[in-house]
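By written order: A, B, C and D. Residues from 1 in each chain.
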Amino acid sequence: MPLRFLTAGESHGQALIVIVEGMPSGLPIKEEEINHQLARRQMGYGRGGRMKIEQDRAEILSGVRAGKTLGSPIALKINNKDWDNWQKVMSSKAGSASGGDVAQDDSGQSKVVHHPRPGHADLPGGMKYDHHDLRNILERASARETAGRVAAGAIARKLLSEFEIEIVGHLVDLGGVQSTTDLAPKKIAEKAEASPLRTVDSKAEERMIAKIDEAKKNGDSLGGIFEIIVTGLPVGLGSHVQWDRKLDGELARAVMSIQAIKGVEIGMGFASAAHFGSEVHDEIFYQAKEKRFYRKTNNAGGLEGGMTNGENLVLRAVMKPLSTLYRPLQSVNIMTKEPYQATVERTDITAVPAASVIGENVVAFTLAQAFLEKFGSDSLKELRRNFEGFLKQCREF
Amino acid sequence: MPLRFLTAGESHGQALIVIVEGMPSGLPIKEEEINHQLARRQMGYGRGGRMKIEQDRAEILSGVRAGKTLGSPIALKINNKDWDNWQKVMSSKAGSASGGDVAQDDSGQSKVVHHPRPGHADLPGGMKYDHHDLRNILERASARETAGRVAAGAIARKLLSEFEIEIVGHLVDLGGVQSTTDLAPKKIAEKAEASPLRTVDSKAEERMIAKIDEAKKNGDSLGGIFEIIVTGLPVGLGSHVQWDRKLDGELARAVMSIQAIKGVEIGMGFASAAHFGSEVHDEIFYQAKEKRFYRKTNNAGGLEGGMTNGENLVLRAVMKPLSTLYRPLQSVNIMTKEPYQATVERTDITAVPAASVIGENVVAFTLAQAFLEKFGSDSLKELRRNFEGFLKQCREF
Amino acid sequence: MPLRFLTAGESHGQALIVIVEGMPSGLPIKEEEINHQLARRQMGYGRGGRMKIEQDRAEILSGVRAGKTLGSPIALKINNKDWDNWQKVMSSKAGSASGGDVAQDDSGQSKVVHHPRPGHADLPGGMKYDHHDLRNILERASARETAGRVAAGAIARKLLSEFEIEIVGHLVDLGGVQSTTDLAPKKIAEKAEASPLRTVDSKAEERMIAKIDEAKKNGDSLGGIFEIIVTGLPVGLGSHVQWDRKLDGELARAVMSIQAIKGVEIGMGFASAAHFGSEVHDEIFYQAKEKRFYRKTNNAGGLEGGMTNGENLVLRAVMKPLSTLYRPLQSVNIMTKEPYQATVERTDITAVPAASVIGENVVAFTLAQAFLEKFGSDSLKELRRNFEGFLKQCREF
Amino acid sequence: MPLRFLTAGESHGQALIVIVEGMPSGLPIKEEEINHQLARRQMGYGRGGRMKIEQDRAEILSGVRAGKTLGSPIALKINNKDWDNWQKVMSSKAGSASGGDVAQDDSGQSKVVHHPRPGHADLPGGMKYDHHDLRNILERASARETAGRVAAGAIARKLLSEFEIEIVGHLVDLGGVQSTTDLAPKKIAEKAEASPLRTVDSKAEERMIAKIDEAKKNGDSLGGIFEIIVTGLPVGLGSHVQWDRKLDGELARAVMSIQAIKGVEIGMGFASAAHFGSEVHDEIFYQAKEKRFYRKTNNAGGLEGGMTNGENLVLRAVMKPLSTLYRPLQSVNIMTKEPYQATVERTDITAVPAASVIGENVVAFTLAQAFLEKFGSDSLKELRRNFEGFLKQCREF
């Protein structure tokens, strides 16, 4: 069994729950390190009100003792701070307010949803699971679930950091405004961390903010593109031998499964269609002193044949504009089949900075899986020994 | 256990082997139907010599009797027609020519590979698996393995076709030359099938051919973008409830794991970064007569919340230019660590038309997995009953 | 993805956590139904004090709304009622009492464990995970973890009961005292439920109690054998087509993985070694009125070729005597390597009645997995339709 | 992805096919080593005629070059020597003899099966997969499939032998005649190998043979019990942390999934029900010179907490008497629903010696999975380094 995780929890439910299985023992981990990633996920210019309510905090319920992992499954709980207001509507108990499609909160406001929102899981989910109160779908389909994935990823990230593998995310496009940089990953991380849009190019940032403000004024929403860079990876994570062991496929799955992501590319990605092969492939050189092979370019984005090649992993993903808009979109009441124009009271304009943080953390988890698959190991001590043995083998290759 | 498959086989080995597990019984399938897909994979302007040698043919070794699947695993064998020339080099037997890094064929020509090709699995694979004869890597990493995946996909495709789910692939970009169309999928399929580049726009086709000829003259290679369209899908394949059950993630994994694919996008994909939400989301309407919900646009590419929504599935993927070039790329001899300029004697200029066929078939397999996960079933009869029951339920939703 | 679950939690940790993934929507489920199974697990003559402290109660944190499953993952939390007394020792925080092998509780009593108990995970686990405080192993290896599995099984059991599949467990041997019965399963269930040892034969029960009292006097422990009977199963769960899809294998895995179980047998089991084939195989007959095939004997225990055959599933498992004894066993201090005689202050004499309940519930989960694999389905409505369609198909076979 | 395998192939089909995925590179393996295990599977007193026809030989089609594994999937093909006689009946082609339930061989003899055999997959399989020619079930359900599992296990066994892990199987019961021994495993292996019944006690062997002869005379069949002993295992394979990672469960699944196996027990197994705990648990001692913990008894059978504890693994399984008998059993014609008495022309009397060999090899595969899960590794060199590092860690524990 490789490293794995499951999340559970509805958006307005009592809590999100995560179980992470297969982490080696002896890894130092603090709730604050998980909470730091959760907080990064909640930031970003263009967010509406809800993010402020939540201030997500993960509580470690198992698998960690005296600051270190035990090797047993790690359970995390992220309470919903707004639970008191939703308890009646979301209760697991029969006979609660939500029974028979008449969910109401204490103010008597109906919480039943009969109007599927375009671009959401509402309608296909309702039909698949035979729910006519679409709240039964949207609660789980909500991007709030990604808090669980970020928490799992935060632990994976801690593991990778023990081996000096670091993950950087930043925005390269928001609403069509592009941000470019030739900074080193470490610098990108610093700048992105200081930016309200997790972007490096401050000129672009200004125009992005203007674009967000314009969208806000029009009751509209925006998407964008983020880039993930991973430094410090050893050669040989993933494998070419079977289709389902290729690391590029695994990464694409993890990132594409994030809510609202509609595309993933690695290295030069889609741009490589318009180049000749001689412009794309990264020539190979040898550094005699460090006894390592290297490339001067990195159009492959650090992956060849479904494996890491020792260069930085570079991956980009596009997030579509949020599908909840102030500006009403045409829909249909699923009970009456009558047309309906959805209105919302509160939403974000854009969430690409958050998506960038989510992207970092799902990439971290996927890489930790590949890392543990290659190096085995039940304890950090053993993992370090196996890892260093392989590095030495590579130098002597 | 859902539907699954494994492939085995080296590029110049005796044969490719595929096992497909989990197909229901009673599905009519002929070797010719599989071979038809294998043949489509071998076509395309810009291919070199090897494709002609092979003329792949799959032999069904198990799981099918009297023209119908049994429900037991289906084993396929695709012989390497050139095996006689490679037997000595690739033999499984110790003491054979390849022992001790001195593989030679009958002509005495050494087949040992010490020069990793940029853009290939050669170097990371050699280091990972501790092989100094890189043939031990490149033989499996070769795109020839995709013949196995196409064969598996051909069976999946046959299953889907029983439910009138059809899969169309065509080229939308080759070397930066774009082909656009507003034809219906059925028409696209017809036109693509008749085109040497699997593309619909004959003007673009001309320019693509010119581009290939130019690349050939320069000893260079080209990539491109293909699009897959799937018609006839029911609502509700995939699921929003857990990250690893989202169909967009599964599709991205399957397609990104194809050799040389560096990006995957769904629906409007990367272009959605530059649009407002109001321009992107597909409004929902109801067709009272057919009792079904529909959209007038399809920017979501048929997937919402990780589930099919009843519209056509639309997915695009980019293939980088082939990394084997006539024009030498700089590399390093892994034994001496000296620089080396790789030369090749025979290669393709581009393989995007083939990749498009591979894409169709891996998408078919992924959809068949989701289909069987939703509808269960051990026999085609049962599957049809369960499927039709659900369609009726959707009409009555 | 089939139905799956993960559990987390240490024995004296804050809580046990369970995530059940893949349950269809629309299944009515109450916390009380889960708690009922948890309570059954805590009963039985021969238990020590701890069971009384706990009074396990599962709280549903997600996946259920207004008394019905949503189709989304179901998270359960079972709090440790004794957490206040253990918080200091088991805290996840660094710098807490347990740091550096000096865990103490508030009374100053050291909770560090350096003496591995024979028959437990302590020593192999400590070596595998590189823990010198063996508490880091025993906390997770404890049979308390089975509360999580029972909770997951309780939901599966509810699903099965919707299709009139019922699961009965009873003791057939305790400490060598055998209990036999020829009652129908329903009667067995009633009698077992009323017995402090979950056994049907009241004569045997008396002797079992005497045996337990004898063991208690001697500071010793006892094992035994329980039997699980499942009624109402359809034909065709599991499959013969691949080794890892055989239901007998899946059942054996689930039951053998219960703490202290050392053997599993199906139907006539080990006794079939001493019989001729003509005495073992269940002849086949046809009931024309109900249009069904049946057997007059059931030595196969309801499974042929790795599939249910429509007869009752019958399975037995042996639990070794508890490995924690009042009577000291020889061991070694892992720090000093000096011999050591383990003493305990509180333990149970036997836990076979509890194991029987655990067995019922893990069998329920395994059967629900096979059931959903065969019938697919996202909602109870769809599942019922698919199930009934298949029953009809069987009648018309 | 851990080590995995799939088999395919019908009993009278063209060939059995196996794909083994996840073997490290650099493992020396010869076809003869696989064939040796296949030959051992075909031996044993009490077999009928078919075994002689077959003389199974595995051909390595991929994944091995110059005598060593490549790290890529290993495909094996075991041809059916009798294929010429069955080609017409078993052809995959539509319109072949078997179409429409009228399969005939060249002699005009119908090969359609409408009479399900008690104790076989025939009837439940036919109903599940909607086959009325039960040949479509029995061909795959046949124990011939285990040749594929033995072949996969033979490779796993070779891997284990590189680490001096050896696997011994022998018969401890045939038809109720018990064979006991206190010999060391190595001696047991030698004696079993020389015995036509793979049993050690020559007195018992005589009585077993007499029992087989008696059964033969009566047209009856016999089952029995075999024992598997594994020596040389390191501490810490498997894990206590999650139910599906316990090695005892994995082993039980692998062994119980062998055709006709109805029970599995580990160590003292079912006998432990009748003993006090003080008689069952293996006390722990320390060997200062070799720096290792050990036990003087091994009632746990080498597994504690779902992990190997460094003692020999000891496992027993019961095989029911063969369900194909000369002596007719009552059954029903599935077309007419009329009673029918099955007769057979050729069958074995017992196959427990073969089952013992199958047991050895499925245990080998399961242990190799656990071994690679713990030690990771892509090459034998790396695996050896990681393994030895852990052994040293254990000595320093």
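We take it that contacts are C-beta pairs under 8 Å (C-beta built on N, C-alpha and C of every residue); 3 or more make two chains touch, one makes a residue touch a chain.
Being a predicted model, the structure only gives us computed values, none of them experimental.
K.L.:
Counting one step per pair of touching chains, how far is chain D from chain B at the shortest?
P.N.:
1
K.L.:
Would you say A-B or A-D is joined by more C-beta pairs in contact?
P.N.:
Contact tally favours A-B.
K.L.:
So which chain is the furthest away from chain D, centre to centre on CA atoms?
P.N.:
Greatest centre separation from chain D goes to chain A.
K.L.:
Report the inter-centroid distance (CA atoms only) between chain A and chain C in whole Å.
P.N.:
The answer is 36 Å.
K.L.:
Provide the C-alpha centroid distance between chain A and chain B, rounded to the nearest whole angstrom.
P.N.:
27
K.L.:
Nearest whole angstrom, what separates the Cα centre of chain A from the Cα centre of chain D?
P.N.:
So the centre of chain A lies 44 Å away from the centre of chain D.
K.L.:
Tell me, which residues of chain D touch at least two other chains?
P.N.:
Residue numbers touching two or more other chains: 6-7, 21, 71-73, 128, 130, 140, 236, 239, 241-242, 244, 374, 378, 381-382, 393.
K.L.:
State the interface residues of chain C toward chain D in the complex, per the touch definition above.
P.N.:
6-7, 116, 118-128, 130, 132, 137, 140-141, 145, 149, 173-176, 215, 218, 220-225, 235-236, 239-244, 246, 248-257, 259, 261-270, 272-278, 280-286, 288, 293, 295, 299-301, 304-310, 318-323, 325, 327, 329-332, 334, 337, 339, 362, 374, 393-394, 397
K.L.:
Which part of chain D faces chain A closely enough to touch in the complex?
P.N.:
So the residues of chain D in touch with chain A come to 1-2, 21, 71-73, 236, 239, 241-242, 244-245, 372-378, 381-382, 385-386, 389-390, 393.
K.L.:
Quick one: in the complex, what on chain D touches chain B?
P.N.:
Its residues touching chain B are 4, 6-10, 13-17, 19, 21, 24-26, 28, 30-31, 60-68, 70-75, 77, 90-100, 103, 128-131, 136, 139-140, 378-379, 381-382.
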